[in-house]
Amino acid sequence: MKATLNTGRTIHQGMAVEHKSSPDYTAAVSICYMNPVDLMDLGIEGGARVSVTSRAGRIVLTTRAAEEVNQGEVFVPLGPYANHLISADTHATGMPDFKGEPVDVTSTHELVKDIDSVMEELGGVRYDH
Amino acid sequence: MRVILETKKRIKPFLPVEAESIIPRNFLKGTDLTVYEGNKERALSELFWIFVEGTAVSPDKVEIVLKGDTARIKRVGEYMDTGAIRIVGNIGMHCGNFMSGGLIEIGGNADAWLGREMLDGSIVCHGDAGHYCASGYRGEKHGMKGGRVEVMGNAGDFCAEYLTGGDVYIHGSCGDMAGVEMKGGQLVIGGDAIRPCGNMKNGTCVILGRVHKMIPTFEKTERRVLPEWNITADVFKGDVANRGKGTLMIKIPELIQ
Amino acid sequence: MIIKDVVCPFCGCLCDDLDVEVDGQKIVKVQNGCTLAESTFTGSNRLPAPIRRTASGWEAISYDDAIRDAVDILLSADRPLLYGWSSTHGETQSFGVHIAELIGGVIDNTSTVCHGPSILAIQEVGHPGCTLGQVKNRADVIVYWGCNPTEAHPRHMSRYTTFATGFFVPEAQRGRTVIVVDTRRTESAEIADEFIRIKRGGDYEVLSALRAIVRGKCEVLPREVAGVSREQLVRIAEICKKAKFGAIFFGLGLTMSAGKYKNVRNAIELTDELNRHTKFTISPLRGHANVYGSNEVFTWITGYPYAVDFARGIAFYNPGETTAVDILRRGECDAALIVASDPGAHFPHSAAAHLAKIPTILIDPHQTATTPLCRLQIPCTMAGIDAEGTAYRMDGVPIRYKKIIESSYPDDADLLRQIHDRIMEAKRA
Amino acid sequence: MTELLVKNACVFDPLNGISMEMMDISIRDGRVVESVSATADVIDAHGCLTLPGGIDSHSHVCGTKVNFGRYMSPEDMRAGRTARRGKMHITSGYYVPTTYGNSYRYSTMGYTTVLEGAMAPLEARHTHEEFTATPHQDMMANTLFDGNWAIMEAVQKRDTRRAAAIVAWMLSAVKGYSIKLTNPGGTEAWGWGEDLTSIHELVPNFNVTPAEIITTMIAANELLHLPHSVHLHCNNLGKPGNYETTLETFDLVPDRNNGRQTLYATHVQFHAYGGTTWRNINSKAEEITRSVNAKPQIVMDMGQIMFGRTMTMTADGPMEFNLYCLHHNKWSNHDVELETASGIIPVLYSKKSLVNCVMWAIGLELALLTKNPYQCLLATDNPNGAPFVKYPEIIGLLMSKRYRDEEFATLHEGTGQRTVISSIDREMDWNEVAIMTRAGQAKALGIIPQGKGHLGVGAEADIAIYPIRCRDVDPSTEYRKVIEGFQKTMYTIKRGRIIARDGEVIVEGANSTFWVNPSVPEEISVASDPEFVKKFEEYYTVRMGNYPVQDVYLPRGKCIRTEAVL
């Protein structure tokens, strides 16, 4: 399904933002809020996983039904998962298109990666003490 | 006199180079010039093979040719007042800033801020131009004041922002908000445009292609034949959100709301 | 022991009325704060000691070694990037600027991916604003445009606007009309008297339309603008013109959508226009607690609020060219110093990935999404918890963070002072 | 112990009656002394003009409003950029320079003490952060009370003691120096987008008039024995016909202090307009100076404008909005809850504009028509009238009729009928210039006891040596030499330390901040007054406990204690 990606702050993301290695944070920022109708179109229910692809990258997220999200849009909280999909082009303004990135959403059985694995994809090395 | 500058291989090719010293006038006194690579000052000869053909008595007789990997070389032709610069390939940001005379010809693409705050002279870019082509500087009230910028390909967003005087001709399409804050001069777009001329105060913009997302605060005044472009165009005044007296002419019938 | 009037170091509201109960080095209870404040003060996963990346993984190292490494990395760089600065205090920020000045680096702060576009707009048309108390005491019309305070600034409405009682607005809610403008029906929209739902990317057009209406040019407009009916726009314009004191607050909905700073500029010019009819102000809802402080400090030292490039010795500024995301995307920088922020989590990954390719130093109290990307992390105190210092509220009011617990961590200002001084020595030699 | 001997100085020291005397100046540990030992460092002034360090009694250089002027002006930052050099940090900006830029330029011009013209108490911490970041000038802050709710309530109750107690608490809390009233009452009215047009008009909701605020604050100021007088930016700034308001205001002022004026009226040029519209605006400098010449209790500063681009910034919010409607340039506004307002707009003063030409003439007329130079000080309300780097040109204009005529000839032809400048022959001498830039400013600010503004034994060794041989230079014809001379000192000495030489700053700074702590009897102190505390907690958005500026913000603070007699 073609959709427009919107990102932003949420209370849960904010609460967990100082606890980045905690499962709460991963849970809070790896959600893909979608309009129930769109979920139906994909033949899945909230809680099922989707693979979201943009010109910048691809990531697996857990869906959650949200009436307030427009059909044809998906909302992903600010964080490393959303940013896997955001292009770094800033139109020479310094600010990337955090709102309005075109994406393709498909249902998947793949698991949601933990943050360290996501960062390792970028060439990082996980630190676990 | 012909000065050929061919880039040498660099250890850190990703570093931007600032080369405002590359203007015809400077080469009258020789090639003992410096440029900046990142935060280090380098002799021109550290970064370029330099070939000089013939001599010149006045700067207008100096032609500079740039070859090689020039895409990250910024500010070439800044404050240039006469003579010619020919770039074979792509050129970095701020090419021809504050230019007041002479000619810059770019064979490939130009990065952002091509001809920023230009005063006179002309720039021809055979490829595409980046964002803020022929624009102004942050916080400054006036953009390009004179001269001519011609781009054979497309231009990015905010093309001719704050255009105050002179001519900008984009043969291809423009990105978002071409001619935004325009206060004078003429902008011609051969292809399509998105949300052109927002907050326009004055000047003229002609669009020969289609307009996507027309800004709602333009007042349609008439439908006129423009022999100059042999098209019939809808003529708008605006931006009325801003006491604007600008003229926006869009070829019909392809106006798309 | 209960410490009164504690300043919360989470968001730009900088609430300074918290009561925090501490037991020695532990924070037991936080009162008056929102849920975000609570989790901030009880923040876990502090990095215990400096760590360095090796071929096989990570090793713990001494602060001395860490600082020596940092100095070596910064001194040998041709285009170092110094980024972050919003989650710490002013002293740290000014040491940061002086280091950048010394080594010919580029220094940028988190407004670059937050309200940087608002700054660009202000640089074009100025900023008719005020302190938050002016709104609390006077405003009878409140507009929230492209922001969701309920989730991002939870106490904004209760302290300063909708639910706050003020000198001239004794009956909070009944005394104020609230307008919410957004592309989706957020929680904030639920409490609005008027909700304007705009088609994504249509803010600029709607703002232009409102300006035209306020100028009496309604007839020019089409029946509908970006999904909003002309009737509703006229109604909104009337409410604003009839206000005794109107206040617009806007957020990332304007700065991050297509058009970026031009959206904000249009909102500011609408405010200018409204001031010809009544009193109106506009203010960005700044995200990080002290991001505005980083703008202030950068400005009085360099003249520019963010994105300052010292490569040529003098200060050069050009967002889009000297901004962190652009420099990383182009792979320009060959070293990075990240302080008090988490680009690993908040930058597009195609940009953040470059941090893993170059020697990146991270100075931050917590293990973050940037930790895996860096070569070296030096843990420090957290301003407002185990360190005191100056922070600037979203409206420019400077408030002093309190140190509410003792810790064994060094203040990030001290770490940067040491780095600064050793670079000075090296330069003299 | 550090000692310095300045030899062969041609000294003007008006406060000690010294005028063009060749002498040596002995300095020990930062102060002027009778003599120094043979081991003292020596510098030779070669008979050049030697003055006490310059003092600016009204300049906007630090704080929220100034920094916002920088913040919104990247185009100005492109001007006057310098790289890090020796002890000098980078600088940017011409009319709103960075903190270092301001300090270095003042230093190389021989200025060593500056009063920040306007500090909003709620944002005082910011001003002090920039004071501390200022290397070389001793700083002090005018503290804004023009729209202060508690003050207006006290005024309304005719309770001068209460007003004094509030001022005392505020000044000590925010480490301020003096009382500043900017468009008194008008800044509160601006909270509703309105302004006051007369000093007898009521402030909305507060039932007091500007006249009442001014007279009460003058009384309170003298009750508290503050070193400086009330510092007033009159109502109706920049409006044609406003000279009447200014004269009315001057008539309110009693003579209450033997040591200094009772009212400091700032940038009076902006308050001396005749006419009814911009079309028929004209100079009323004669009327204004007639009043001032008859009132020793009043001191003013010129508020001179000079042609070119600059930035206007003031707490006078409504005035800036009017200016915006006129110029359509970028406009910033910043109201401060319960206290004051502010606005910022860039302007271009042009010789093509008749209004601007009239303004230019008025400033000079004020200075030249004021008999006693102690009553009209040299200032541009930096950067409002012009950046302070223009002071040398203003000195040139004051000292040379020929220079004035040459400038006048280049102005809008209408200027003659609107002004009297071309008919004034007076040429200031070196001594008068020394008064208008040092002695008078020190006296007006009340900092002579701090050793400022003179070079007598015990004075702070703040000294400016200019490359001008005043014996051989005739200012009225060789004004170019005068201007160049005043632009760069040979030496600027601060507390006995050479901080600048030939236009280069050569040391890191160690300035001080002067602030006043007036003590009032416990029974009237507001700190513990339940009503004051209750209102504070209810209507401010910061807790009263977090409001006062902590001592850490004044690492080199100098507290002046005063005793209130109530």
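The chains carry the letters A, B, C and D, assigned in the order they are written, with residues numbered from 1 in each.
FYI, contacts are C-beta pairs under 8 Å (C-beta built on N, C-alpha and C of every residue); 3 or more make two chains touch, one makes a residue touch a chain.
Only a predicted model underlies this, so the values are computations on that prediction, with no experimental measurement involved.
**Student:** If I average the C-alpha coordinates per chain and also across every protein chain shown, which chain's average lies closest to the global one?
**Tutor:** Of all chains shown, the one whose C-alpha centroid lies nearest the global centroid is C.
**Student:** Which chain has its C-alpha centroid at the greatest distance from the C-alpha centroid of chain A?
**Tutor:** Between chain A and the rest, the longest centre separation is with D.
**Student:** More contacting C-beta pairs: A-B or C-D?
**Tutor:** Answer to which pair has more contacts is C-D.
**Student:** Averaged over CA atoms, how far is the centre of chain C from the centre of chain D? Could you give it in whole Å?
**Tutor:** So the centroids are 34 Å from each other.
**Student:** Report the inter-chain centroid distance for chain A and chain B in whole angstrom, where each centroid is the mean of the CA atoms.
**Tutor:** Taking the mean C-alpha position of each chain, the two centres sit 38 Å apart.
**Student:** Report, in whole Å, the distance between the mean C-alpha point of chain A and the mean C-alpha point of chain C.
**Tutor:** Each chain reduced to its C-alpha mean, chain A and chain C end up 22 Å apart.
**Student:** On a C-alpha centroid basis, what's the spacing between chain B and chain D, in Å?
**Tutor:** The computed centroid separation for chain B versus chain D comes out at 46 Å.
**Student:** Show the residues in chain A shared as contacts by 2 or more other chains, in ascending order.
**Tutor:** 91-92
**Student:** Multi-chain contacts in chain D: which residues touch at least two other chains?
**Tutor:** 72-75, 330
**Student:** So which stretches of chain B touch two or more other chains?
**Tutor:** 112-113, 131-132, 137-139, 176
**Student:** Under the stated touch criterion, can you name all the chain pairs that qualify?
**Tutor:** Here the touching pairs of chains are A-B, A-C, B-C, B-D, C-D.
**Student:** Using the touch definition from the top, list the residues of chain C that touch chain B in their complex.
**Tutor:** Per the stated touch rule, the residues are 78-79, 103-105, 120, 123-124, 204-205, 207-209, 211-212, 215, 217, 220-222, 225, 258-259, 262, 265-266, 269, 310-312, 317-321, 330-332, 334.
**Student:** Using the touch rule from the top, collect the residues of chain D that touch chain C in their complex.
**Tutor:** It is residues 62, 64, 67-68, 70-75, 77, 81-84, 89-90, 92-93, 97-101, 122-123, 125-126, 129-130, 133, 149, 190-193, 205, 321, 324-325, 330-338, 344-345, 538-543, 545-546, 550 of chain D that touch chain C.
**Student:** Which residues, counting only chain B, touch chain A once they are in their complex?
**Tutor:** Listed in rising order, the residues of chain B that touch chain A are 112-113, 130-132, 156-158, 175-176.
**Student:** Chain D touches which residues of chain B in the complex?
**Tutor:** Residue positions touching the partner: 137-141.
**Student:** Quick one: which bits of chain A touch chain B in the complex? Just the residue numbers, please.
**Tutor:** Per the stated touch rule, the residues are 91-92.
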